[in-house]
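So, here come the structures, one by one.
You will see two complexes here that share chain A, one where it goes with chain B and one where it goes with chain C.
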Partner chain A sequence: MDYMVSEKWGQFLATRERGRKVREDIETHLSKVRAGDALVLNFIGVEGITVSFGDECVAKLILSRSSGDFADRGLAIGGANEDVRETLEAVLSRRKFSAVLITESDVEIIGQDDLLSATLKEAVQLKTFSAADIADRLGITVQAANNRLKQLVATGSVVRERVVPDGGGKEFSYSVVIPTYA
Partner chain B sequence: MTTIELTGRCPLLSSAQLPTTWNPDLFDLSKLEWITPFEVASIAAVWSRLVATGSVPAVRLPHDAMVRSYLVDIGLSEVIPGRWGDGGGYSGEPPWLPLTRLESGNDWDDIVQDLWPDVAGLFADPDLTRNTMDLLGELIDNAVTHGHSNAGTYVCAQRYTGATSNLPQGIWIGVADSGVGIPRHLRRNPKYADIEDDRQLIRLARQPWVTGTRDRRGWGLVEVFESATEAGPARIVMRSGHAQGEFRLQSGIRVSARYRSLSPSVPGTWIHVRLEPA
Partner chain C sequence: MVTRKALKTQIVSIPPRSSGTELHLAVSEVATGSYDATRIMAGSMNWVTPLDLCGLRAVLEFSALNLDEVFFDCPIDTSVHNYAERMALYEDLPDNVTLSRARPSLNTNARETLIELNRVDSPESVEHILEAVQKAAYHVFGRGRVATACGTAIAAAAENVLDHAESPIGAFIAAQRYENSGLELACVDLGFGIPTTLRRRAQYAQLSDIEAIECALEDGVTSANDGDVGRGAGLADLCKTVRLAGHSTLTIHSGRAYVTVGSGAQIAQVTTPATAVVGTWIAVRLKP
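Showing the complex of A and B:
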């Protein structure tokens, strides 16, 4: 599902007040997305955003995701021009957050990267996987893979669900939910 | 009779002759010779606060025809009643943001739909446009939220080439509100409640996440200073409560900051920004 930012809010987005309203509206839309699906914040038609708007809208959306809100459904950014992308990079980096940006030909991490791009690439290949799968592909410990996957869940690119493996116990299964890559 | 008399060039910004009261019976602008967006926004804020409290003073308009005409062009004549005459007598570039009263951030978001592309065309510099809109957005957010009052928030901006004004060339911005002011706002936080010196609170207002709330919001001045530095060199003057902070910003160079006490207390927060892009 795409959330068309410019159709509802205009081509230029400047204030925190507007950012808060857009974020609240996005959260309403996110609440209607089925678990395992994703919402794309589509910035096509948005010519410019300020740091204030980007921080209040997108960074705080990621902040609430990192606290566990809507962790069972995905979120990605699409249609961002260079200016919008640059501003989002700045606000996310400042808060040490990351988000997923879908471009015409690729999917990438914006904001604080911290090896997330490499993790996302493997996740996109695997589509559904465990932390051990990622650890194996990247040659890292399962604990390190878990840490990275926690951040990827916050970006909205993957969702996780608790599963009971064959041998018993509990673990998480992760799935990529970015449209066209899921 | 108590009077606010503003005379000469840039009387509020230069702070050479700050009034002794902000509650006058007479507002005397008759000897004004030059006025910047900082003065325009601040005068509008003071006037609107007086109107909102039912204490409308008498007013003497500027004698100088060009000053009067400029104040018509920039929109102060819409705020202060009187026989201003026609605009169009100012030979410099018209203000790219005439005096605008804002009640909320949404007002500003509506305005930028037309203003942003106009500014982009005028500046012909995407980075300068983005930085200018960034700092304006944050200043206005601060003013309409922390500085909200019945008197509204005023903003205006002008580009000077220096040819007519004899002022340093650049982009001049004024934002003024009649709210509680930065020091009183910060004192609402128990962490700062015991700080008596307003200068110290103006200094603190520049710190990241100064309010220390869960979502790590501050007064938002960090963004303003960063954007001004990127667009600069820049000069920022902040007046609020009993203090003024004056800052010179240049990329790669440590911020130069000076603080001073003011009396009487400024009724709200007034901000001057001058960007001097290379």
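Showing the complex of A and C:
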């Protein structure tokens, strides 16, 4: 499902007040997305945004996701021109957050990267996987894989659900939810 | 028989090229409440910058709010008078402001080279500024990082006024694109000013006015008490824009501090004015 930012709010977006209103509207739409699906914040037609708008709208969405809100459904950014992308990079980096940007030919991490791009690349190939699968692919410990996957869940590119493995106990299963890559 | 009260009138004389000091002083004097009326004598002005326009309008509005009558002696030079009209200096003035000359009637549309005076008092007005400045900056720097930074930085300065300044007149923003000297932008409000606003936070309470402005130019410094790491980008972004744009300067007058930041984002000049400046007066010159 695409959330068309410019159709609802205009081509130039500024202020924290506006950012908060847009975020609250996006959260309403996110609450209607089925678990396992994703909402794409489509910035086609948006010519410019301010740092304060980007922080209040997008960065705080990521902040709430890192606290566990809407962790069972995905979120990605699409249609951003260079100006919008650059401002979003700045606001996310300032908070040490990341988000997923869908471009015409690829999917990228914007903001603080810290090896997330490599993790996302493996995740996109696996589609559904466990932390152990990622650890194996990247040659890292399961603990390190868990830490990276927690950040990927916050970006909205991956969702997780609790599963009971064959041998008992509990673990998380992860699935990529970015449209066209899921 | 009706007798008219003699008004105690303040006289503000603006030289041919304003330094801004006389406007700062005019606001301070009006704020003391010693006058009933003011006469702003701008007849000899032969050059008007965006900062002058923002400052003049701010003085007119502030005086109209606090005094019974405001007289404005318009520039005698017709080209300057016409420019003031084109920049909307005379548009929608309060009822108690009287102009010495009739407003000129103009047909020209120079929107690609100028951004007329805009009052900032709502998110919509900030978005209008963002759009106008970003588009004007495209003409100077082309599409890309610098033009984007110009728009977002000025919009951030405008938003600071909404969030922190509590200016009785809002803020005024204007811009002009020059063939040789690039883009010049100004933002004037008559609120608390940067030093007073920043000192509300305990950790900045001991700073002098100059130190407070220098501090506010650093990334992440905010007067918001929640310590939110996403805040405090406005003035720092203005600084970054000056650095990105090349041969550029940022001038801030607020409280008892005049601070100029030059290319390279280094503080180039610091002065302590004799009288505290009410509000915050910002001028930016951006040249590739």
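We take it that the second predicted complex is superposed on the first by the 182 of 182 C-alpha atoms of A that agree within 3 Å, B and C clash if a C-alpha of one lies under 4 Å from a C-alpha of the other, contacts with A are read in each partner's own complex, and residues count from 1 in each chain.
We adopt the following convention: a residue touches a chain if its C-beta (ideal position, glycine included) is under 8 Å from a C-beta of that chain, and two chains touch if they have at least 3 such contacts.
It should be emphasised that the depicted structure is a prediction, and the values quoted were computed from it without experimental measurement.
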Open item on the list: With the two structures overlaid on chain A, would chain B and chain C clash, or do they fit side by side?
Closed with: clash
Task: Partner chain in contact with A:Gly10 - chain B first, chain C second, else both or neither - done: both
Open item on the list: In the overlaid three-chain picture, which partner chain does A:Ser52 touch, first (chain B) or second (chain C), both, or neither?
Closed with: both
Task: Contact residues common to both interfaces of chain A (with chain B and with chain C) - done: 10-18, 47-48, 50-52, 55, 60, 83, 87, 95
Task: Sites on chain C touched by chain A in the complex - done: 123, 126-131, 134, 143-145, 147-148, 151-152, 155-156, 159, 162-163, 219-220, 229-231, 233-234, 237
Task: Interfacial residue positions of chain A with respect to chain C in the complex - done: 10-18, 47-52, 55-56, 59-60, 82-83, 86-87, 91, 94-95
Open item on the list: So in the complex, the part of chain B that touches chain A is made up of which residues?
Closed with: 104-106, 108-109, 112-113, 116-117, 126, 129-130, 133-134, 136-138, 140-141, 144-145, 215-216, 220, 223, 226-227
Open item on the list: So in the complex, the part of chain A that touches chain B is made up of which residues?
Closed with: 9-18, 21, 47-48, 50-53, 55, 60, 63, 83, 87, 95
